[in-house]
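When the chains are written out, they are named A, B, C and D in that same order, and each has its own residue count from 1.
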C-alpha cells in the first residue's frame, strides 16, 4: 500500500536501485512486524479460545482479559537460562531455531495482502511458497538430530516421514488451480477468484486436501506426531530452552498463520470480498480471513485426538494422494470442455462429497461406519 | 539392505503420560517396541510397614493415600477387613451409605480415567476438562459429607464416621438428574469418533487366558470377556439387594476397556439411585472402641474398587496394631503383563495401552 | 457369594493326588510342603473340580520363627476361594519355590515379597528388587528391620568430619 | 457417515464456548468451604480440655504434643499443647476422639511459611482461632448462625475475636 505510493511519488526522482531498497526495507519491516505481532496474538487467541472451549477462563491476569499474557510469557521464556545439553552438535543445535523461523517469515513475504502488496511479487510465487513449506523440515531435523536425545530424534524422523508424505498431495492439490488460472503468481490466482468465484466452491476437493495436508505440516493435532507431547514429551525441541525455545514456539504459531494466509489467498479469494463490502480496505479482509482460519485450526486442535504414525502415513498415501490425482484429471477435463463456472462448481462439489465418502469405504475397516459393541449381557443364571 | 539397531528409551519417571512416576525401559527398533521393563518404586513409602505401627483406626487415613483417586473404596476395603477380623457388624444405614459413597467414588474415578485416557491419545485437554467438571460435582458432595475432597477418611470400621448432612441428598439427586444425559452425550461423541477408534480398536489386546493368569481385575478383566465383579460374585455391604448389570467386553482391546468404564458408570448411577431410595434411618456407626483389639487371627477381604479387586490381608496378634497389613493393589497387579501387552506395538500405542490400564502410582508403589 | 474352601476340604482334595504334600491344616488354610508346592498349585489349577485359575494375592508374613508365604486363590468358574500357605525357615536366606510357571500374576508379587521380606523364590525368571533400589540394606517388612535413624546417621557423618 | 464422529466432536466443543466457565477465580472468588470442612488452624478450648491426651494418641503421625502438670484440685494444668501442622494430614481423628469436645478443626487451607517451625501452632495461638469447622461439632456446621453463641456453648470463649457488631457496641 505504501510502496505503490512511494513509487508513484518518487519513482521519477530516485534511481531504481534506491527505490527497490527502500520499498524492500519497508516491506520487510512490515512483514516482520506482522509476523511477530501475529505470533503473539496467536498465543493469546489460542489459549483464550481453547480455554473457553474447555469451560475455563484462560489467561486473565496480565493486562485486560489477559491480553499482555503473551508478552509476559515471552519475557519469561527469554529470561530463562539457555541450557546447552552435553553432547550436542553446537553449531547445528544453535542454528536450527533461527533457520526454522525463516520459513513462515519468507512465506509472508510472498503472500499478497492487497493488490500489489506482496513484498516479493514474482511470477512463480506459488512455487516458492510450496518450496518454503517444505523448508521447515530441515531445521526440525537439525534440531532433532543435534539435540543428542532419542526422543527428539524420533520426533525428527517422524517429522521427515510426515512432511515428505504430505508435501505430495499438498502440491498436487494446487495443480488444479494452476490449470484453471494458467499462472503461478499468487496475485493472479486472487484476481481470478475475484472474477470467477472462490476456489473453495470451484474446487472443494482441492481445498479439503490442502487444508488437511497443510495442517499436517504445522505439527498441530491431530497430526502433531512429531511433537506428540504425550508420547515424545516435546519431540524435536525437547532439549531447547530460553530464547531458542521461544523461537520454536513463535514459529509454530507464525507457521499456522502463514498457512492460514495461504489458504485464504488460494481458496478464499484473498483480499476479495465478492461484490459486497468493497468499502473496507482489501488488506483488512485478508487479515480477517487469516485470523478466522487460525481459529479453525485452534478449534480442531481442541477437539481431535492424535493419529498414530502409520495411520497418518496411510491417510496421506491412500486417501489424499489418489484424490488429488483425480482432482487434477477432473479439473483438466472441465477446462478442456470449457464448462461454465456454475456447472464446474456444482459438479466438483458433488464429486468431492461422493469421492470422500466412497474413498473412505475403500480404506477398509477404518472407513466403515462403526459397529456398536454389546457390553451388557444378562447373566445366564440369576444370582 | 537397510538394517537398524535397537535402542533403549527411558519413558518416565518424568514423562507426560506415565500417570505419575511409572518408568518404562523400552527397547525400540525404530518405533516398534522390542522389549519393555517396568521400573516401579519411585513412590514407594512402605505404607504396609507404617500400618504395623498404627492402631486399626489409624490405618484408615493412611489408606486414603494409596489410591488417591478412589480413597472411599480404599477406606471401605480396610474397614471391611477390620470388621471381619474383629467381628464387628455395621448398622444397615452405614452399609447403604457405604454403597452410595463407593459408587459415587467409582463415578469420580472413572470420569478421571476416561479424561486422562483421551488426553494420552492427544485430545488436547477438552474431554479431560469436561470429565473433570463432572467429577468436581462428586468431589463437592464428598466434601460436604466428610470435609475433604480427596483424602476422605470417611468409612470406618463399624460404619461411617458421620451421618450425611441434610443437603447431601438433594445434591446427589440433582447430580443424578443431570449426569446421565451428559454421559450419553459424551459416549455418543466418543465411541464413533474415527480417530479414537483408529487408535484404540485392536490395540493392546489382552486375551481371556492372559487376563486370568495375570490376575487382572476390574475393567481390565471384564473387557477381556470375564464376567467377574465382586459386587455380584461375592457381595459385600448388601450389594446383592441392588439391581445392576456387569458390562463385559469381548475383545479386550483398549476400546473395550474404555467403553466398559462408560457402561460401569451407568450401572453405578443405577445403584446410587436405588440405594438413596432405600436408605434406612437409624445409626450410622456401631459402637466401636477407639482402640480395636481383634482376636489373634487373619482376615482377607477383597472389594471391587474402580481399578479392580482391592484386597486387604490383615494378621492380628491380639494387640492394638496389626501384625501384618498387606494390600492387594489392583493397579500393581494389572501392570504385571505389560510385556505381553506392549511388545510389538509402537511408541504411540504404548501410551494408549498404559493409559487404558488406569493405574494410580500411589497404589502401585504403596 | 464366594464359597470359602475350608482347610480340611482343601487338604482332602490335595491329599488325593499328593499324599505327603500337606504339612498342616487349620481353619481356612492348608500349609503345604515346599517340595510339592509347584505341583500342587498346578494340580489345583488344572483339576476341573477345583480349577483355581486365579491367584488373587501372594504375600508373606514374618512370624519371627519362620516366614509364611500366603497364597490366596480364586476359582472364577466355581466362585470359590482357598488359602495356601508355605513356611520358610531361617532368617539368613529363606527361600520358597516360585509359582510363576503356574500363574503369571506371581511374577510381580514374588518380586515384591523378595524385595520386602528377602524370601528368595527358586525358579523365578527375573528375581530382582521391585520397589526399593538395588543395594538397599535389609528387607523392610521383616520385624527385625531397623528403621534408619537419621540423627544417628547425621552424628556418624559429623564424627567422620 | 464417515467423519460424522469427528464433526460431532467439533460441534460439541464449539457448543461449550458459550457456557460459563466452571473454574473459580480463586483469590477473588473465595471458596466457601462446607460446614464439615476439615482444614488447618485448629481451635482449642482450654476450659474444656482436661489434658487426657486422647487426641495425641489418636493422631496417626504424632503431631500433637501435650505436657500436663497435676493441679491440687485433681485436674491438670496444660503446660504445652502444640500441633505440628507440618506433619498433620488433616484426617480429623483427634477431633473425633476428643471426649470433651475441646478440639476443633479449622477452615483454613492455604498454608505456607518460610520456616518449618512456623507450622507448629502453640497453645496460645490455637485458642484464639476465629473460624472453626463443624467437623464432628454439628453446632458449627451452619456458618450463618451467630458464632459467638456457639462458641459460648462450646466454651471456646478465650481470645476469640468478637463479631463486628459487638465491637461497635463496646
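Rule of thumb we're sticking to: a contact is a pair of C-beta atoms (placed from the backbone, for glycine too) under 8 Å apart; a residue touches a chain by one contact, two chains touch by 3 or more.
The shown structure was predicted, so the numbers you read here are calculated from the model rather than taken from an experiment.
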item: Reference chain A; chain at largest CA-centroid distance; value: C
item: Pair joined by the larger number of C-beta contacts - B-C, A-D; value: B-C
item: Length of the line joining the C-alpha centres of chain B and chain C, rounded to whole Å; value: 25
item: Centre distance in Å when chain A and chain D are each reduced to the mean of their C-alpha atoms; value: 54
item: Length of the line joining the C-alpha centres of chain A and chain B, rounded to whole Å; value: 42
item: Chain D: positions in contact with at least two other chains; value: 2-3, 5-6, 9, 12-13, 16, 22
item: Junction residues of chain A, two or more chains touched; value: 53-56, 302-304, 369-370
item: Contacts with 2+ other chains: residues of chain C; value: none
item: Arrangement of touching chains [line / ring / star / complete / other]; value: other
item: Chain-to-chain touches, reported pairwise for every pair that qualifies; value: A-B, A-D, B-C, B-D
item: Interface residues, chain A side, partner chain D - complex; value: 49, 51-57, 60, 299-300, 302-304, 356-357, 360-361, 367, 369-370
item: Residues of chain D touching chain B in the complex; value: 2-6, 8-9, 12-13, 16, 22, 33-39, 54, 58-60, 89-93, 96-97, 105, 133, 135-136, 141
item: Chain B-facing residues of chain C, complex; value: 1-2, 53-57, 59, 61-62, 70, 72, 76, 79, 83, 103-105, 107-109, 112, 116, 129-133, 140-141, 145
item: For the chain A and chain B complex, residues of the former touching the latter; value: 50, 53-56, 150-151, 154, 157-158, 221-222, 224-225, 228-233, 301-311, 365-366, 369-370, 372-379, 383
item: Touching residues on chain B, where the partner in the complex is chain C; value: 40-41, 44, 46, 48-49, 210, 212-215, 226, 228, 233-235, 300, 302, 309, 311, 313, 315, 323-324, 326, 328, 332-333, 335-337, 365-366
